[in-house]
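Okay, structure first, notes after.
Which chain is which? They are A, B, C, D, E and F, in the order written, and residues in each are numbered from 1.
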């Protein structure tokens, strides 16, 4: 086990997703009608993995972009670039998705700047059109194109919010952390650890999620548990792995870190 | 029913609009005199569809743009773009409308930056002129050109407001959600569902609109009801469709979502 | 009456302006000495029309620009633009006016950014010079050039104010809504309606202007009354025209709209 | 008297300035040593005219620029501009003054952006050097170059202030409105009116300047009085000229305007 | 000892790092799995040196960049630059690291602008991909590539914080100042001073770190102690070296400087 | 004495600096080790002159830049400029210093924008490297290169502060106004006045510095006293010179100016 990063293998196998409600049915119905989907849920609960699984089931390409404060519509649609003495148009990721009939997934949409509205609205409603002003044209979405956006309701604020007129164009799916059995299966598989390690990690994760009066902004996510598992797979002890991938990530406050450490010692006593 | 998106069919048929007041008469009188129109109304009540219907009745092309915080006059008027060794002028959507005598619809005008004022004022008043500074010229609007803008009075704020000197150049039309019979017809037709489904959705929509002391920023719009219908048409149960297209869209607050769900169960008891 | 917009006819006839004080005398004295003029007055009272009339009387061309928040000196003076393999200088509207000896009218000057100061100051005082930094030159104003700016004192604020050092370079003229007889004549002529309709509109306008403890930010302007008349000329009833061009424009508040509607019913009882 | 603007004549005759303290001596001493000068004084008191007179006495060219919020060092130093297929460097006004040994007068320096510091500091102190980064060079000021800046202490604020480290590089001269006899001579000469008219205007100006508990932000400046005189020379009555060039310029508040009008009537009773 | 700066020698010898916990084990486990690492710790405690040591042990190139408020994703990924008549793409430091399989260390990540998110997220998680939008391509990280970021929890604020969704992608390692024996060894070696000088400096450093109710924003860091040692190696007395490299750096407040000076005199009495 | 500015002579003679503490020893020790230096002290106390003297003693070139709010790393490092059909790289002043082994002095560093961090950090610590991203290269500092920055602790604020992680990379030297005897010598020499004039100016300067409960933001600096001396050398009386170079520069408040004038009259009674 001294290969560098499990990237290659991970990506050749189909994404692993276990449904926990009717989210798959809703996604399929929306896909049949070409309706845009908004996925709500906490950080690291598996939103990206769900979209990857849906794209795989539907046999469509998936193009993913993470929203950020400086993202403008040109980042999505494309721009002219100088190459030698010529300017060449380079499609942005949304335009590529529209042309190819791919699923376009804009993660953390509330981070993007408001001028993305101008491209999201007409492509999200019955028009299914992408205006490409710089080319002076409007593209009709190829069959199969579907717009998916996500955000974390816990991060909503007055300044960063999805405009109501944007939000109302979407069908919403709410995700949460999966039930323990499912999450254990996910952690074992993604982190390349045996089921006992995964079970211990999920037990710990749930203990942290159910803390009363928690001082944490976020709880332990499935993603964190997979990272902890990965450190174990990389040769670290379970206790050290949890400290680095969960405890130190959840807080910078020495008191909180100490309290979390004690909780970890209680939940993972004999290891 | 496994086609991907109903876009193509929808757009070949004439837009479906049922008048609910004298809005059609006002629009026609304004159109006869070339006067600009301001449409006020809540999100998703059918402002865009009304403009589409008017354009169809008048036999004029419709060019629609959604306003956004970064929109400047150049986004409306056009700009020079480098192509190969040459620069080519590309008309913006407003300039295209002015040349062709089309109806130009600027949705959510209060989002646009103030420098759009410089193009809106002279094209909106008796001058009917569009200054195109970059070309060093001024275009006279072709016969048939009409400027239409819209905004949602509920979103007005000190920071984002229509300047009085802009507003006073327009004739105002106020729209609201249509009466139940009309809305049912709209939902059935647009979502491709039978009249019983549409009726149930509209009954639910009105129940939500008339909640006392509602904690919601927005109520259930016609657009949401059409999306819910679309999910039903896509194979989902009515209850799940309402959950995804209405309840989860209206709020992120678990208590509010639960209360809305109970209201839905009461209004749609036997399905 | 199915022509599209009265633009063409309106502009071939001379601008219609009725003096209400010594504003014409002041303008002529300033014009004789080349002194810059500042016009103060509420939105829609006829500031633009006054300037148009003065330009016509003096036989000079009029170039009008509306100030806005993003307006910089380059928008007034001009810029280099790429055309093919060459860059071409394109005069801005102020530079054109300076070269041709035209009247340059900058509407809503307080909206423009402060860097316009650098061009307004030397062209407004005894120097009558326009520095064109990008060309590395300074233009002397042709005979006949006159700078006119306007603003609405009601919009003044700490953030948007005419700098004292700018303001003191100008001769000020204050305009207000014209007396009823004059305004009636203006409305009838501009809206293409008979004198009875115009009289009813002006009577209504003055009733709104003299409301005690008015909740309105603006009162009914001459411009609004002309728009209402235009809707009547376009085939709408007087009551509907007033509702669309005056009542719905003055407020978004349902209570205020209702109260205004009752006032309209009282003032226009038998129509 | 139907010429358009007195610009041409005004500039061929030497600037008219009457000293009121030792400002001329200080300026000459500074000029002998090449020391930079800061002129402080209210708007319209004659700062620009003083500098014009000094430049004339010293036989040096004067280059004047008005500071503004968007002014950067490039506006002072110069920039490359595209012309055809070539880029050409165009000296900014400060660079021209440095090369020619001219007096460079930066009016309202506190309006300029802080990056002007980088060029003002080395040219203002013993180095007398202008770094021209874009050319990768540093220019030594030609003999005769002198930097003069001005500001109005009444406008100082926390946000717009001269940095102490800049201010301490200058010799300061404070100007104020001139004594009545001098000011009368200035007004008569600059406005082209007889001495009685000028005397009446100066009497009025001083009456306004000495109002107790004045609600005015600014008082009547010499510049205003010259403008009023210019209107009289243009054919207007003295009372109307004062109303337009002084009263309406000093305030937008109807009560203040009325009170000022009564003061004017009292001071200019029999005209 | 009159060479200019010890740079050349320092860099040919391997970085000197003494582990103080299991930070080396965690880093190695993360490196084996290609997992990204977040290093937390106070300014000057040796974060950079730790990463240098890890890169050396793993035999990988290290590319280091300091985050700053204006850093955008283009600063990390690269941009097109004009050279002669051609535009040439220049890889940014992150892209170079991705291509070469180097360790990329982004110091003070919270300073960078949020649009860096778009490149950090996909390269940090299982995808190990760097989207290079300007080239219209996505690079897969070469084996050996590892992303390391650091920040100082003491500087966290509402405005400058690591987004939770970013933070959860990392394994965290917390560093602090090393124990006295280790720190003495580090200071002696890095500053080129004998062990007694180093011991005195570390004793002083710890005295300052353990002040009760300290008014200091920061305490004396290992970096400061090395700088003080360097001044001694450069010929300065120990007391003067401490004054310049520690006391005057820790505060600008004369009272605090005096108190620190007294503490120094007490700790270093006989020198 | 009618030459224009003493610039040429001043610069051919070696800079005049009288040590007042161990600042010279500290600077030399830092120079021997290539350590970066931070100079703290009030405006006009001689920081620049100290650096000039050190550069002269060490026989190194000095390149000085004044920090400002809009300064970015490109202003320090360099940029590509279009010249004719080609783009040419132009080194910024820091890059020139790094290549030539010069002392680079960045005055008022806290004014610069934070992205300068990215170039200051690696050049300031043991790496002694300047990343030149636009060239895709990293320069090693030539022997003799030394980074010197300065700031005025009295101007520190929450918004404009030296980041701790930057500050800790420097050795700090605190300067203040020199003792009277030294300052008299400096003033006499720099202003070209005899020792009695210089003595009177320094006596006055110290009287102002020691005012109780002073309302002044700054006190009289050595620079101001030199400017006052320069005016005397230019032919002005001592009293007038002090008024222009000290009193009017220290305040805009008429009461403060009057009180300072009385102090001046008391200190300089018989002149």
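Convention: a contact is a pair of C-beta atoms (placed from the backbone, for glycine too) under 8 Å apart; a residue touches a chain by one contact, two chains touch by 3 or more.
What you see is a predicted model, and the numbers here were worked out from it, not measured in a lab.
Visitor: What angle of turn lays subunit C on top of subunit E when you fit their CA atoms, given in steps of 5 degrees?
Guide: It works out to 180 degrees.
Visitor: With chain centres set to the mean of the C-alpha atoms, which chain is at the far end from subunit C?
Guide: With centres defined by C-alpha atoms, farthest from subunit C sits E.
Visitor: Of all chains present, which has the mean Cα position farthest from that of subunit A?
Guide: Centroid comparison gives D as the farthest chain from subunit A.
Visitor: Whole-Å distance, subunit C centre to subunit D centre, using C-alpha means?
Guide: 30
Visitor: Using mean CA coordinates as chain centres, what's the subunit B-subunit E distance in Å?
Guide: 53
Visitor: Could you say which residues in subunit A touch two or more other chains, in rising order?
Guide: 82, 85
Visitor: Take subunit B as the starting point, go toward subunit C, and spell out the full loop of chains.
Guide: B, C, D, F, E, A
Visitor: Note which residues of subunit B are touching subunit A in the complex, please.
Guide: 1-7, 10-11, 43-44, 64-71, 75, 81-85, 90-93, 107-108, 111, 152, 155, 190, 217-218, 221, 223-224, 227, 230-231, 233-236, 240-241, 244-245, 248-249, 252
Visitor: Quick check: in the complex, which residue numbers of subunit D touch subunit F?
Guide: My answer: residues 22, 25-26, 28-35, 38, 40, 72, 80, 82, 85-87, 101, 113-118, 121-122, 125-128, 131, 133-136, 140-141, 143-145, 153, 156, 164-165, 167-174.
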